[in-house]
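The data blocks that follow each hold one structure.
Presented sequentially are two complexes of chain A, the first with chain B as partner and the second with chain C.
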Partner chain A sequence: MTGHNDAVPTGGTPDQPDLAGGLRTLRTVIDSRLAASLNSCVHCGLCAESCHYYLATGDPKAQPAFKVGLVQSVFKRYQTISGRLFPALTGARDFDRGTTDEWIDSLFGLCSMCSRCTLNCTVGLDITRIVRAGRTTLAAMKLVPSELQTTVDTGVQSGNNMGISKQEWLDTAEWLNEELQQELASDSILLPIDRSEVNVLYAVNPREVKFFPMSLMAAARIFYAAGESWTFSADYYDVTNYGLFSGDNKAAALMSGRLQDALRKLKCRTLLLGECGHGYAANRWEAPEWFAATPEFQITSIVSLIADYIKQGRIKLNPSRNTKRVTLHDPCNLVRMGGVIEDQRFILNRAVTDFVEMYPNREHNFCCGGGGGQLSMTRFARRRIEAGKIKAEQIRKTGAKVVATPCHNCVDQLSELNKEYKLGVEIKTIAEIVSDALILT
Partner chain B sequence: MTAASALHLGLAVAAIYAAVALTFMVLRISTLGRKSLFSRPAGSESQGIRYAFTQGMMPSAKESVRMHQPTFIAGLLYHTGVFAAAFNLLLALLHVPIPPAMVLIIRVVMLVGFISGIALLIKRLAMPKMRIISTPDDVIANIIVDLFLATSIAFTMSKTLEPWLLGISILLLLYIPIGKIRHCVFFFVTRLNFGRLFGRRGVLPHAAERKQVNVR
Partner chain C sequence: MAQIEINGAKLELNDEGFLTDPSQWNKEVAAFLAKAEEGLETLTDEHWSVINFIREHYLQNNLAPMVRSICKTTGLPLRRIYELFPSGPAKGACKLAGLPKPDGCV
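== the complex of A and B ==
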């Protein structure tokens, strides 16, 4: 997701999309890495079983190579000489309404952008970037599924993807602060807002504010125990970035840019990303490319910070407070595409008494099915739940009673899978588990 | 000009054309987009690249390969056969004498490659899952390479078949830049990018080197 990949503004509407504008965008988003990938697929089909959609349904159109082929055929038609001269031979295809309909159904509706196929491709194609190039093209033509587009628009307009007003946020923070002060018998501000010149600016998933304030308290408790100097921003605290999934780089850059600006305004040293897989990938790995600038501050995940606290002796844990068997779900964008692989294991091995891996794990782990904007695209909900069957089976085989995962979107999807597949597990974030084990002196 | 020298000239022209066309394609795509990356690396690109071309090519590194071992082995043998045929052609063009035992080895390697190629073609045509991702190019490229292997095998048995071998070789060289066989160069570019991506992000090779945690 790097390079000159901005959507070229088009003049069409969803009913009458500007196909020529879409093609201009596709041309713009295809950089040398992507062009090499699109010239490399040998249609061997070996990637099929890497994809949870294909594994769960057996639908040949769910295999990654088919999704690659959708974009590749248009790339060939307009950007290769042989595709222009011999379209039938090379499988090159015109870009028309039929094509865009197929792209929407497949690139949005049958892919959670988990990159498991990228890791398993015999050649090494960056399949997720190919899917995203298609999504960016559709975004330029205003063809993003409306539910996902609404999530992006809400984030752009209100500063967070749930449309939480500033007052509601400040009230929630104040209430949680009071609760914590009581619990910890402290007069200090334990959930600080807009404190300047502190080490950490913490960004979270707004669903924590709306539905799971206990997870904000868990993090605040850990910071308190570690003696961290930290703050939230009153204005911009949303770690999520649905522009990553809609393919709209302008919106994505705007959202990540707000977090960076909030950090600069408050003169913090570290942008701390809450438990959110795609939020990590967007802000840690993609934002510097969107801005073509290396940030002057540190960007890290709360998972890595907690691991550091433990290593440095800044927090102490009592694992006997978490005695149920715990397994770990690796969020794709934090682990496979993020590189945060061992920290969560280091933590769980010290925070619980019975930690078991699911198989496969780490960068080979299966997607839960909630990524790629799938949770917001209700029209594809049935497919999402069906594809999640693979994850449900992985969990069931561990015999665990608790599934830990450092991503709130994964928590949502896993909770739905828990109900659908009757897994009988609790789903928790890493901070929640650590908070339960925290020894507060 | 004799027919034989015309074929030799044709082969030289086709080889130059293929090389120029492939070079042009690689240079053309290398101009697209921005080159440098701005995110702070968490790992090493060079280690990632090294991994991509070494352990990362092994079946142990890829579930997809472990699940499709017959196809993987057939692909490996197919490519080995093609390299042997290219070597065989080169030796013939340079009039390098080959010891009979060596001829036999090359012939067997090419024959196994040929059988593998046919098997892969049958798989592509027979399985709905494969048909849906296939284009005419996938079939034609396979047939041309199979013909190249077949004529190469025949040539090791009778030198009188040299015109056939040269003719098919010209066809193959002319086809390379048009269709999927162009992956003979793009494979390396893509593999390099794969190594850079996962190396930079600190995902590979570290994870893969962790003692077999993912293999049961």
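== the complex of A and C ==
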């Protein structure tokens, strides 16, 4: 289950971190490719202009090259001959408490791991990987900010990141099923649980189950219209994976593995990932690396499935039900990292009457500011709201009344930006917009 | 961190506007947060039925309730919850009920 780039377990506590153990982890996670990256940064500064934190604040510590430098200087000190012999001359730096404090502040507190800098790096460094290597090193020393760590721990211990009990989940699904049956005058099971040998196992964000179930009903309506055979799992349905952000590969693999096991147990054909950017990146692209194995089933995003339904004529939409101007926010992990770029546009062009792009868009889009675990880390909340100014300005320029985004994490950050910057927009998921336009016969 | 003062009592809010110490909550605090955080000038009986249930559930279980329980207990339809609390059940209603911020993507 564990891969080559895991954290090396250490002793120590957050107050007395095991710095030597942290260095062992750093040596493990900086493989030869990353080591080459670390030595190639020429500090040209172009990455600064790509970072929403830097653009919004002008803080030099927000520059991606500065973050690379933090990791680079420690790597040099212990892993290069010149750094070991002449640290002062080579910019090499001791790994001490002052250094770890700076790492936490910068690698966790000034980065949403959106990868826009990676895309724009002139020499092709994978800056996000370097930041994550730093986070993995901090995770090994138990130095992940406690709010983020709690979210990971809750996911590992309870099976979902909000600590929803199995009974609460089953009760909620039953309640939504009844509401939908009434609405559609149907006595079929419309939110099925633990059905086996169906096409789709659907994984969602626990915040939908706990606080925002309208999007679950929207998806169920779409599946009903398309005649899909699908199910939820009673045990594991959480598409999120905060281990991706804390840097803890072991926890990340455990959580991702549970979804895969749930699918195998129910003998479904497709693991369908709900509207969650990092859940897509983790389960679609990172999991095969964590397991060093390609899964034997299909893993796809609900956005791509809905686009297929439209192309195949399985659902019909009436765009005149959505006449307000709609713009689209591209979640970094689904779009820039995940490669799901055109499906959401194909859908919106058929589900609403007035769809406009914000600029820049697609893989060049700016992060909303909520990624990388930022939403969970209250101590850095003011920074993410300030950095979100870039996104708020992008939205305002479109004149849109609705911002569509296929990611619940983005929905939450965009809702806060809406309030802070008085944008006067509604934030909706793709499924919600499609559901509103659905022609049910 | 922000300091506020209500009826002479000094309270602390975290950077997301949640009460740092949930035990300091009372109805005046809820009314203050309603105005400051949600732009609500007055809290109606519907608001209070939601806030009071969330508060009781939290004191018993140390957790925010599911929105299903909120609807079942108060008799309010799901859509109404989002109309009553513009920031939603978590950053709206739970905040006004003095709960700490829930884990997850909220």
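FYI, the second predicted complex is superposed on the first by the 438 of 441 C-alpha atoms of A that agree within 3 Å, B and C clash if a C-alpha of one lies under 4 Å from a C-alpha of the other, contacts with A are read in each partner's own complex, and residues count from 1 in each chain.
To be clear about the criterion, contacts are C-beta pairs under 8 Å (C-beta built on N, C-alpha and C of every residue); 3 or more make two chains touch, one makes a residue touch a chain.
Remember, it's a predicted structure, so these values are computed and weren't measured experimentally.
**Student:** Contact-wise, after the overlay, does A:Lys61 reach chain B, chain C, both or neither (first, second, both, neither)?
**Tutor:** first
**Student:** Check whether A:Ile439 is in contact with chain B, with chain C, with both or with neither, and answer first, second, both or neither.
**Tutor:** Neither partner.
**Student:** Is chain A touched at more residues by chain B or by chain C?
**Tutor:** Looking at chain B versus chain C, the one contacting more residues of chain A is B.
**Student:** Where does A:Arg379 make contact in the superposed view: on chain B (first), on chain C (second), on both, or on neither?
**Tutor:** second
**Student:** After lining up the shared chain so the two structures overlap, which partner does A:Met162 touch, if you call chain B first and chain C second: first, second, both or neither?
**Tutor:** second
**Student:** For chain A, which residues belong to both interfaces, chain B and chain C?
**Tutor:** No residue of chain A touches both chain B and chain C.
**Student:** Enumerate the contact residues on chain C facing chain A in the complex.
**Tutor:** Interface residues on the chain C side: 14-16, 18, 63-64, 66-68, 71-72, 78-79, 86-91, 101-106.
**Student:** Give the list of chain B residues in touch with chain A in this complex.
**Tutor:** Residues 25, 29-35, 37-40, 42-43, 52, 56, 62-65, 67-68, 71-72, 75, 124, 127-130, 132-138, 140, 177-180, 182-183, 186-187, 189-191, 193-195, 197-198, 201-204, 206-207, 210, 213-214, 216 of chain B touch chain A in their complex.
**Student:** Write out the stretch or stretches of chain A touching chain C in their complex.
**Tutor:** The touching residues are 147, 150-151, 154, 161-164, 168, 171-172, 175, 179, 205-207, 209-214, 240, 276, 375-376, 378-379, 381-382, 408-409, 412, 415-416, 419.
**Student:** Could you list, by residue number, the parts of chain A that touch chain B in their complex?
**Tutor:** On the chain A side, the touching residues are 2-5, 30-37, 39-50, 60-61, 63, 65-66, 69, 82, 86, 88-91, 118-126, 284-289, 291-295, 299, 335-339, 341, 357, 359-364.
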